[in-house]
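What follows is a pair of complexes built around subunit A, which joins subunit B in one and subunit C in the other.
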Partner chain A sequence: MKSREQEYREIFMSEALEYYDAMSRHISELERSPTDESALNELFRLMHNLKSNARAMGYTPIGEVAHHMETIFGLIRDKEKAFTGSVVPVLFKGIDTIGEMVRAVGANEDLPDVVHLTANLDRLVQGEEPILEPETTDDEDATRKLELSDLVYIQVKKLDHLMNLVGELIIDRDRVLTLSQEIGNPALIAAAAHLSRIADELQYSVMDARLVGVGSLFSKFPRVVRDVAMAEKKDVELTMTGEDIQIDRNILQIITDALLHLVRNAIGHGLETPAERVAAGKPAQGHLLLSAQTERDDVLVQVRDDGRGINVESVRRKAVERGLVAANVAATLDDNAVRAFLFEPGFSMAKEVTEISGRGVGLDVVKLAIDSLGGQLRVDSVLGQGTTFTLVLPTSIAVKGALLFQLDQRNYAIPLMHTDSVVSLLPENFNVVGGMLLTRIQDENVPVVSLRRLLHNGDGPLPPAVRTDLEGRQDIIIVNYNNRRLGLIVDRFLRQQDIVVKPMSKPLDTIDLFGGVTLLGSGQVCLVLDVPALTRLFLAKRP
Partner chain B sequence: MPESEKSAKQDPIIQLIVFRLGEEEYGIRIEQVKEVTITPEIARMPKTPPFVKGIANLRGDIIAVIDLEERFRLRSAGQEMPAVSYTMAIEAKEYTIGIMVREVPQPLSIAQSIIEKAPEFIQDINIHDKYIEGIAKIDSRIIVVLDMLKLLTPSEIMQLQPKGESSPAGSRTQA
Partner chain C sequence: MKNRILIVDDSFYMRTMLKNMLTDAGYEVVGEAANGQQALEMAAATRPDLITLDVILPDNTGLDVLKGIRLDQPDVKVVMCSAVGQEVIVNEALESGATAYIVKPFSEEKVLEIVGSALQEAASDQA
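Let's turn to the complex of A and B:
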């Protein structure tokens, strides 16, 4: 794989060459009609973009020339100069020089000398006559090359289509593999195995083509932070790390608003004013960290502030007032479970919560965005020291690790992202408390429910559980959502498998218990359970 | 304008796909039917009304399959769907949906003019008259012509969505 540096350079090259082509085109138009405003505006814009890109990449001479050219095009645009006489050859020379310089960067050669050109440009700006070199056009025309860029721009829509096709291919691949095993013809098995390898490679190539650096989103934040900090009268220093971490472009798109929300929240409600900070014995300048890192197959994006933190007690009080939890239960919840209430829809909308706890404007929206990706949202906070929001995101949307299991002779899948563990327990490992089955897993009481009952119980609350319902060993999947663990009794575990999730077709897509469907190698349809919706259903229906 | 041409213009021939539900015959305009196939294996989908039989894999498309006999309560007791049934894939506005029927649906060409507007007696059966484009009488047969696009709108199917769903679509978008 190429280094980041190399890749950025290629992107710069391709853009710069494109700018150069456009500049050549527009300046020719300008020569034909010297007052063409759209051509002038385009030239001005192209010079400006090239200047910024070149400076960002450290190609200062290109930036310098572009800067000078921009100035003159600005003057012409503002009618302080005219595109006539000696101005014309100097500007043509300038654009040709830009082309040479960009090509020199591409070929890893030394940049051509531009002192003469910039001196001439300076003279033009000051209203003096430029010193023109004798024309050497013959020579130049002979050496001029036509260049095509090494990169192509492609619409995300086309990549989405490719990804969908690959998804279908993977499903068919599994089907062909299964069939070849059943038929048992050696030549067929070999061909199927080969097909399988190619399909895998194709899948990874398409997934790779969709990856972009997290930096392409992060880079928009310095400005956001500055503006929000100004508006909120906060003094904020922003640090960013992990801009090189790669993630699917559509995932980045979906988390854009969520991240914006978290950053605004952190500055608006998390960080204190300089005076408050000093009074609390902290440095006056607040610190905000935006970071990305990979963890196994996931990408972790964090927003961390060193502000006042979340007051767990006021969240606990509010949760009880809002009827989200009974007072006696609330008293027993640990801090993590209490903070999870922040993501409850409606919880955050109350204004007084914001004022008391200093947090929580529309966090449920953030939560839903992350849920829709099959990701996780976590919050850690120490009162007085700061808050960290962690977004756990899949690298790619298309393929998900899933656990397959059976219920009533049907296959179901549950995403591994939300699966804690699987256990097989005998009836004596369960207790019944208030009509709810509980079992102890890693020193924690986890409610357990029969998935069959939860799915097929109709509209009313679940009937109270009794231990005699349980016969023999029970296969249980422990799922985890929003810091709540829940055990689901299923008929039988099948296996772990990477699946391609197809969205639920209309009109059944309003039933949110299922995140989608997948087709198994056998051609069978397999429903993919949505753990967030399942957890909500359990909370609504528990006895 | 010549008489023959005039009548041809006023009375176009339309093609129906005719199928049986309970004891009655129903028809849909052929252009609304994408294909007819032997019902594929259906995965029952929990939390859907009983007449939504589940979802099936139709050449890589995952479609919902519904049973109109059950929907309109046209099935007499002891008349379960046979082991081999047929599914018509209907193209509704935004999606394809399967309708399960017990016998192979048959095409039938009729003149548009013999479709009469739904009369009052239709209220007797359990089909809401707004889905009914009209009634066609051919000899002794009576065919109820359905407007599938009205029958299969999401709101029609989602009226049946179970109440108290874990989180209805509405509350999600409000947030």
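Let's turn to the complex of A and C:
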């Protein structure tokens, strides 16, 4: 076990190196604009932290230099001194020296001599001229050690390739495991079990290597929010939380535009102008929260505003006007079901097209991006108080939890992301309304359809359902897409399993009912159903 | 009941050290905030008995955070963490309602002594 001293030392080192990098960056900014207040504040703060931490660790020379540097940056910040003339090279030298000292601590070497530097820093504090060393000679450059970073940058393409190979390996692993059981040779079984463990570990290592902090995307938003708020004449304060939450880099890439759209929308349409807010009894400044958190295996990314909220009644009216739903049905839908219309193609609530967020891209595009990841998009809103969009995302694209079941002797899989529950029901638990089977699940009427009929019925509408079609217990998977629940009758549940989904090859890739295919340990091919497409098919074909 | 403490410091090193000292001494550390905004949110969400508050933070200064917390929670004890040379800010903090202050680099005994007496003060406030 690591001793506490060792833990402190490691934390000190990693933070000190981070500080050093940031200091180098900020002093270069200062060189370009010598009165840059935020650079000065940061330099002051970083020096201050380094001083405190170094003193606590007993690295007195680092603490000394940082203390002097902090004092001088404080003087410059308070305009008692200027970042010009001989001050500049001394401060650059100071930061270089800090870097050398921190590296020396890391390598367990003696700290460099800092007497000359601290004397010069003292002179600066007292308003005297520093004594500058002669220009660095070539000799010194030649003896300077080259440092290789502990980090490597790698192209995402290479990681993708690695992930694909691991996917293939996992499929072969399952195959070898099954074969070894069938053959029953103890040595083979032991070797297969070992292979399986190694493959698992490799899979998680590769998945882990692809993870990045959500902060790497969030960090681009303060600027976006400022620009959009200015163009829309809104006063917006942005808060971000959960920047450390880890997610697959490609998922972050795919949701970038969606998040940008949601943030623009929130400022353009969600938040009111300062005058409107004051009139509504709210603070003039609107608030926007960008947050990430983990929930079981998923990552939730939320965009929350405290603006005007979504008017459910006008969405309901518009859905009827657009012919998305009959007026009598619309009247019975609950608020969540009505808000789900916002994600239908071309459904835009913007009354006027504004420069920033009205470019004809609706929420349906956001929805499509999230669907392509096998994620979910939700919206919650309270009229007058604000709106929250929630993106439910998988941590990794490669492996998905799935429910395996059988239909007509064939194996199928449904991603767990879209599965609400599984139930086994007797015929008397069903009602037939308008030719459609309904069952009550958690106080809600859920339509139920035989998956066999849905898949094999051709293009026409489904024949009206009759209860006598049902014999004995029915195994039903309740799927959920865009707040619509649907029960699918299957022949038999098999099990829950992590699967590696491979895209369909041409020409089958045009069949959108299947999100891909996976191979089971038995070597059998298993089709992965796409719940969004299935739900759309049901809506189009229902009697 | 364990006393509940929120740590506010922008240095992970300082937070870890404080957390270890306080947890070892039997306190419950309910959160660690790295900037002013987080500090205000966590203070509101966790309602701690005591907050250790760094004087210099990236977004707000510690003083602004102190004033923000005081508006919302007049009773919480706040111990300022500062370094030598910040006496002016420390004095202002004490005038704005900070309970006590510790000077970095701090020793374990000093931290526990000051936190302990601040919490004792809190207990006698309620009695």
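The rule we apply is simple: the second predicted complex is superposed on the first by the 388 of 543 C-alpha atoms of A that agree within 3 Å, B and C clash if a C-alpha of one lies under 4 Å from a C-alpha of the other, contacts with A are read in each partner's own complex, and residues count from 1 in each chain.
As a convention for this text, a contact is a pair of C-beta atoms (placed from the backbone, for glycine too) under 8 Å apart; a residue touches a chain by one contact, two chains touch by 3 or more.
These numbers come from a predicted model, not from an experiment.
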Subunit B or subunit C, by number of subunit A residues touched: B
Which of subunit B and subunit C A:V365 touches, first, second, both or neither: first
Touching partner for A:Q524 - first (subunit B), second (subunit C), both, neither: first
Partner chain(s) touched by A:R536 [first = subunit B, second = subunit C, both, neither]: first
First, second, both or neither for A:G435, with subunit B first and subunit C second: neither
First, second, both or neither for A:F514, with subunit B first and subunit C second: first
Residues on subunit A lying within both footprints (that of subunit B and that of subunit C): none
Touching residues on subunit C, where the partner in the complex is subunit A: 10-14, 16-17, 20, 37-38, 41, 56-58, 83, 85, 104-106
Touching residues on subunit A, where the partner in the complex is subunit B: 168, 171, 345-346, 362, 364-365, 368, 410, 455-456, 458-459, 502, 504-508, 510-514, 517, 519, 523-527, 533-534, 536-537, 540
Subunit A - residues contacting subunit C, complex: 4, 7-8, 11-12, 15, 42, 44-45, 48-49, 51-53, 55-56, 71, 239, 241
Complex contacts: residues of subunit B adjacent to subunit A: 41, 43-48, 52, 55-57, 60-64, 94-97, 152, 154, 157-158, 161-169, 171-172, 174-175
